[in-house]
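Next up: the structures, one after another.
Next come two complexes built around chain A: one with chain B, the other with chain C.
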Partner chain A sequence: MAVFQPFDKLPVLNSATLLLVGSDRGLQQELAKAMLQEKKSFKISIHLATSLPLPSEGDHLRPRIDLIVFMIDVKTKYSLKNVEASLAHVAASFFLGKVCFLVTGVGRVNYCSVEMSSIWKLGEVYCSPVLYCELELERTRVATAQRLLRMLQICAGHVPGVSALTFNFMLRNSY
Partner chain B sequence: MLQSSKSPKEPLQQHQKRQSNLSAWLKVGSIDPEKSVQDHQSLNDQENDSKQEESLEPALSYFATVQDGVSLKKSSALQRHLATVESIALQRGLPPEAFNVLLSTALSGKLADTVSIRLLKSLIPESVVPETSVVSAVSWLCVSKCPSNIQVLFLRWLITVFDFIDHKEDLHALYGFFFFFLQEEKMCPFICHVLYLLTRKENVKPFRVKRLLDLQAKMGMRSHLQALLSLYKLFCPELVSITLPAKTEIYFKDAEGPWKAAIKTIRQRRLENSPVPQPLILGTAQPRPQKRKWNAQLMIPASSTNRSDLEEVREKNTGLYSTDEYFPVELLQTFPQLLQNIHRLEFPSRMGSVLTNPLLLHYMNCTKDESVYLRLHYWLGQTLQEECTWCVVENSQNEEEFRDFLEILCRAQCFLHEGLTPCEEFLYRNLPLWDGLCCRSQILRLVSWIPLNSMYDMKSSLYDPLAQLFSTSSLYFKCSTLESLKRLLQNWLNWQMVHVDSAADSQTLNTTFSGLVNMVAELIHFVGMISTVALRLESNHTFLMYFILDFYETVCDIYLKYNMPLLIMPPAGVFYPVLLAMDPVNLNQLCYIMYRYRANLVAAKENEHSEKEVQQFRFSSETYKEYNQYITAMVGCLWTSNAFQKDTHPQGLRMDDELLNETGVKELKTSFNIVYHPAMIGYAVQFLQQAWPDDTTFNFSLIKGKKWNWYLKYLYAKGLEGLKVFIESSISRVSQASYNKAENMET
Partner chain C sequence: GVVLRPFLVMESLDGAARTLPSIGRLSWGLPFGRAHGRCGLSPSGGLLLQKNLDSQAVAFLLRKRWALYSVTPLYKFSSAHLKAYAKLLSAYIAAEKQNGLAVEVGVELDIKVAISCLPDLKGSEQDEAAVLVQLSLRPQASQKKSEEKVVWSGWFCSVCGDDLSKNMPADFTCLPVFLANGAESYTSIVGSWFQKMFDCCFHHLAISPLNLSWMAAMWTGCKLEENASAMELVFSVPSLPQSLDISYAIHAEDAKALWDTVQKTPGEITQEEVDVFMDCLYSHFHRHFKIHLSATKLVKVSTAVASAHCDGIIKLGLSRQYFIAAFQRKLLTLALGQK
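On to the complex of A and B.
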């Protein structure tokens, strides 16, 4: 079983890589598009995957992943199952600030089929922040893209004095 | 828009005139050339609507005269008319006059149940629902001609359109009838909801309380019964002796059924069709067709259609029971009126209207009537949750309205000088889901009104979600958040001043007061922490520093200004970046803040010596120590140039001599002070240019002795008041000339 490592490759100068993992391809692409349209001071590449592990044949071409965002749709139980299964393929050191859970579909709480507490628990167990958003709304999508970009910038080490780990701590606990 | 609002009324008049003449409907509907031309001209885009509107009339007259037991399958006329009613209802809502006929048809059990249900489901009001139609519908309910599921559907409809009913006096008179229906098990929850909306103080009678308690004993604790009982208890605490649980989140399950969405879309469509936003209607004008939306809610509803009616009602009332007479709130115009009638005011059925009425807010502020708050809170909590634009995708179109509504709430809270519990709960529930964008300034202002005596855990409900948003959002968001947290701190401090004073003699003060102090301290620590992170993330942005210092300007004066024994120094992560900032504005502000800290600490020290009786609060020696460390660093940076040697703070500027020597700066002892500081060097250059116009070498060492004093005066003249008070208070100079011999005040 291929385990995904955060530090097994060298970083590329002035660029950052994000990996979006989620069962809904359409939403992923929308979000990725929104992120690419944002103005930014560094190069980014966004990789999309429905689940982990990633195929091993393209591994040597893949750059170092700075942040993994697991997308969970509250409307489908499958999306949560999928993420839980994928988490097993991520090395423990990734959870030192380079993983984030993005919960989508909060605008339709009435159709919610995933228990919020189980998502919250997931965040606790994997020591990773949980962000909530509604990607159907364009404004929120743009806002989410901006937030993820800020996180990515920090996780890629572009902000002097702030490491992914300290930032992760900040996101999960105010103090 | 005038035209379109008129057009539904026209058929009303025709309806009344020609009710008996069936063929007239058809005539009017199809071949009235004048009318259709007019419609064509004035309402191009509503052409379709007006055609359909004309064909509603035959449908209505059909239902008015339909025989019992006509089968839907067999009668094509019924099919057609039913379809017409449904499509018009969905298209643009039904005019007021349609309700009487349709309600009677649906509840009389004349037609098959499926038809009745379909009719009930299409009862979507275009403007208002006439009270008479509801009253006659209730009378049909009483003869029990229809099965229970239709009765329940009718009640759900009634709850949904409650605020659309034009006046409710007669409906109130039917209170007893509604109450009777409590015994029907299926209808009970909905009846409770209706009663909850209708109940006034005079409705609370011992026999009703007994009946409710019996029901509760029989059926067990049900949330709807509980709701009604708690309302009764509020009105007449002496009658309801049982204890009820303090708070239930949801009293009534969503009774809204299929109408809510339809009403919304109709409303939306109307707004789109009208180029100008329709003004809010004030006074006793006819309410506009808006469902349980705030715009409609925020008007004081007319309990009678016009004033002459009101006068009549009042005269009648005086005759019957003059002591119970109420002053109608819609007549309340001036403050003296409020004072005269303050003992006989009754709040309107739409509690939301209180929010926009300053007089009623005054009244609310001084009345001890809990039921007023309960009613407002119930309505507010529900409305906020339903209309929240980022939690309900369907609402995303209405963001502007939601913003206006929040704006009204902010203003009302500001007026009341306190936060409303539902706003607080709304924030806690929805902040984690917020994108930080939608209605930002309003939401942040709501945050600043969170009450100090909140029962919630601030860390998990406010600080954690806020910190997450804060650290992932833009610089502008960070600054706005800091601003609102400053307001929050000020509101808390003001609140405790008022409330601690009024409860000064209470025994429990000690424990609660220290609890309050801890809460304030927690807020200040939280802001210190996010400020440190923000300065790092935004690489010490000047704008951000300004807002952080603005917060600490309140913090440094808590002891003297707000009389709270609390003094918290800014963390090193804030202090040092500002001390070494590149701009004089923030440095000047820091000087002022440190001067105020000094004043507070000195005052605390003096009080400690003088009044020893009630000194349970003391500043810890840690605070004094930290202050002195900061002062050492500041004096070193601004005056004695020895910050790098003398600073003792663990996160401070201290450097080893070897390292300092490696920098290669020649005159270490004199080259980091008020002249050389990066924020000040601009002034120093200007000063040099004015004092020695011929010298172009920029020899800063010329500024010494007498020139040093001139330089200081020059700085003060430039408006650096903070620097002035700081230097005058914290740096005592042995002699005017020997500037390098300064010592910091030990407090």
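On to the complex of A and C.
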């Protein structure tokens, strides 16, 4: 089984790479667009994948991934199962601050197909923050994009004095 | 009695499910965000209901489509004054029909209102008796012999909310579930009268796919009659240009056999068991049609016992003995959860 490593490649100067993993391509692209439209002081590239592992052919072309965002849609149970299956292909050292779970569809209780506690438990088990949002609303999408950019900046080591791990620790303690 | 674990239980970190001992500690917050799981009702409380159900009193509840609403507690409602309420309500309806013209209270009006208690629909002694509201058209003078026709009916109920009634402040009556059958215009008139009279608030109660799957499992587990109709699950496929519905029917006995292998303690349903049950059905479907039903939205569940639609419409089947307290308690939990 191909395991995805966080530090097997060298970083590129003043740039950061985000990997979005989720079963809903539409939402993924919307979010990626929102992130690209934001003003930023560094170069970003966003990679989209429906599930892990990533194909090994393109491996040598892929830059170092600084942050993996797993997208879960509370409206479909499949999105959660997909994320759970993908998590097995991520190296343990990634979970030292370089992974987060993004839960969308929040606020649509009547469409809920996923038990919220199972998502919360996922965050606990994998020691990673869980962010809740509604990507179908433009304002929350923009806010989420800004939030992820800031996290990416920290995870790529562009913020002096704050490492991914400290940030992760702070974020999870604030719950 | 049968102990039914409510569908939403607090999950502690180690994965063990536990129910909170008292509904007084029900979390009223948003079910999302930081709240990591919602709590349910205490599973205590016998099922007085089942032995009382032989009476004809509840026969009218069966085989009808009921729209679900949740209701906040009624202020200064007293079951001793039901007759007076009926008079006021019928005058209110007449006034509404005449666009607000004043109507004398107490005279014979076109629409007759009857408000009564349904003491049979109680889960425990502490529960408030269910309240039934019926609107019927008075027969025309020309056809005197014809019977009054019920055009609309609705009932309030609270089942197994022992702690709920204990923790209610004085002057408040808690009947959190309201079910209506008939024209929606009547529902809104009656609703607005109750709103004005008792300072309560009605909300349409939709049923999420998660809760629908819970109901599917619960009804599957009920004892079967001969030739019970098949269980049918209807799924809608999201984000397609045309709407596409998938209907998945399973023989009742097959579904029951599957559920019996999944359920660990008879009479108790846990969320994990429901998940396993649905996953089995989904993977069977996937094997044949290569479609992940888990990626679609469950919109309707119908079984011989009852059927429920995600829009908050339920229909109770023939078998009266399964007009279960458990089901009502489920609705209660739903009604309380939606704030």
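The rule is simple: the second predicted complex is superposed on the first by the 174 of 175 C-alpha atoms of A that agree within 3 Å, B and C clash if a C-alpha of one lies under 4 Å from a C-alpha of the other, contacts with A are read in each partner's own complex, and residues count from 1 in each chain.
Methods note: contacts are C-beta pairs under 8 Å (C-beta built on N, C-alpha and C of every residue); 3 or more make two chains touch, one makes a residue touch a chain.
Keep in mind it's a predicted model, so treat the numbers as computed, not measured.
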{"item": "Fit or clash - chain C, chain B, common chain A", "value": "clash"}
{"item": "Partner chain in contact with A:Arg147 - chain B first, chain C second, else both or neither", "value": "first"}
{"item": "Touching partner for A:Lys77 - first (chain B), second (chain C), both, neither", "value": "second"}
{"item": "First (chain B), second (chain C), both or neither touched by A:Gly107", "value": "both"}
{"item": "Contacts of A:Leu137 with chain B and chain C, given as first, second, both or neither", "value": "first"}
{"item": "Touched partner set for A:Phe167, first chain B, second chain C, both or neither", "value": "first"}
{"item": "Touching partner for A:Val21 - first (chain B), second (chain C), both, neither", "value": "neither"}
{"item": "Which superposed partner A:Lys121 touches (first chain B, second chain C, both, neither)", "value": "second"}
{"item": "Which of chain B and chain C A:Pro129 touches, first, second, both or neither", "value": "first"}
{"item": "Common interface residues of chain A - those touching chain B in one complex and chain C in the other", "value": "106-107, 109, 132, 175"}
{"item": "Touch list for chain C against partner chain A, complex", "value": "8, 10-11, 13, 15, 31-38, 206-210, 238-239, 271, 275, 292, 294-298, 310, 338"}
{"item": "Residues of chain A defined as touching chain C within the complex", "value": "23-24, 26, 74-79, 81, 106-107, 109-118, 120-121, 124, 132, 175"}
{"item": "Chain B residues within the chain A interface of the complex", "value": "390-393, 396, 432-433, 435-438, 459, 463-464, 466-468, 471-474, 525-526, 529-530, 533, 536-537, 539"}
{"item": "Residues on chain A engaged by chain B in the complex (per definition of touch)", "value": "106-109, 129, 131-134, 136-137, 139-140, 143-144, 146-147, 150-151, 154, 159-162, 167, 170-175"}
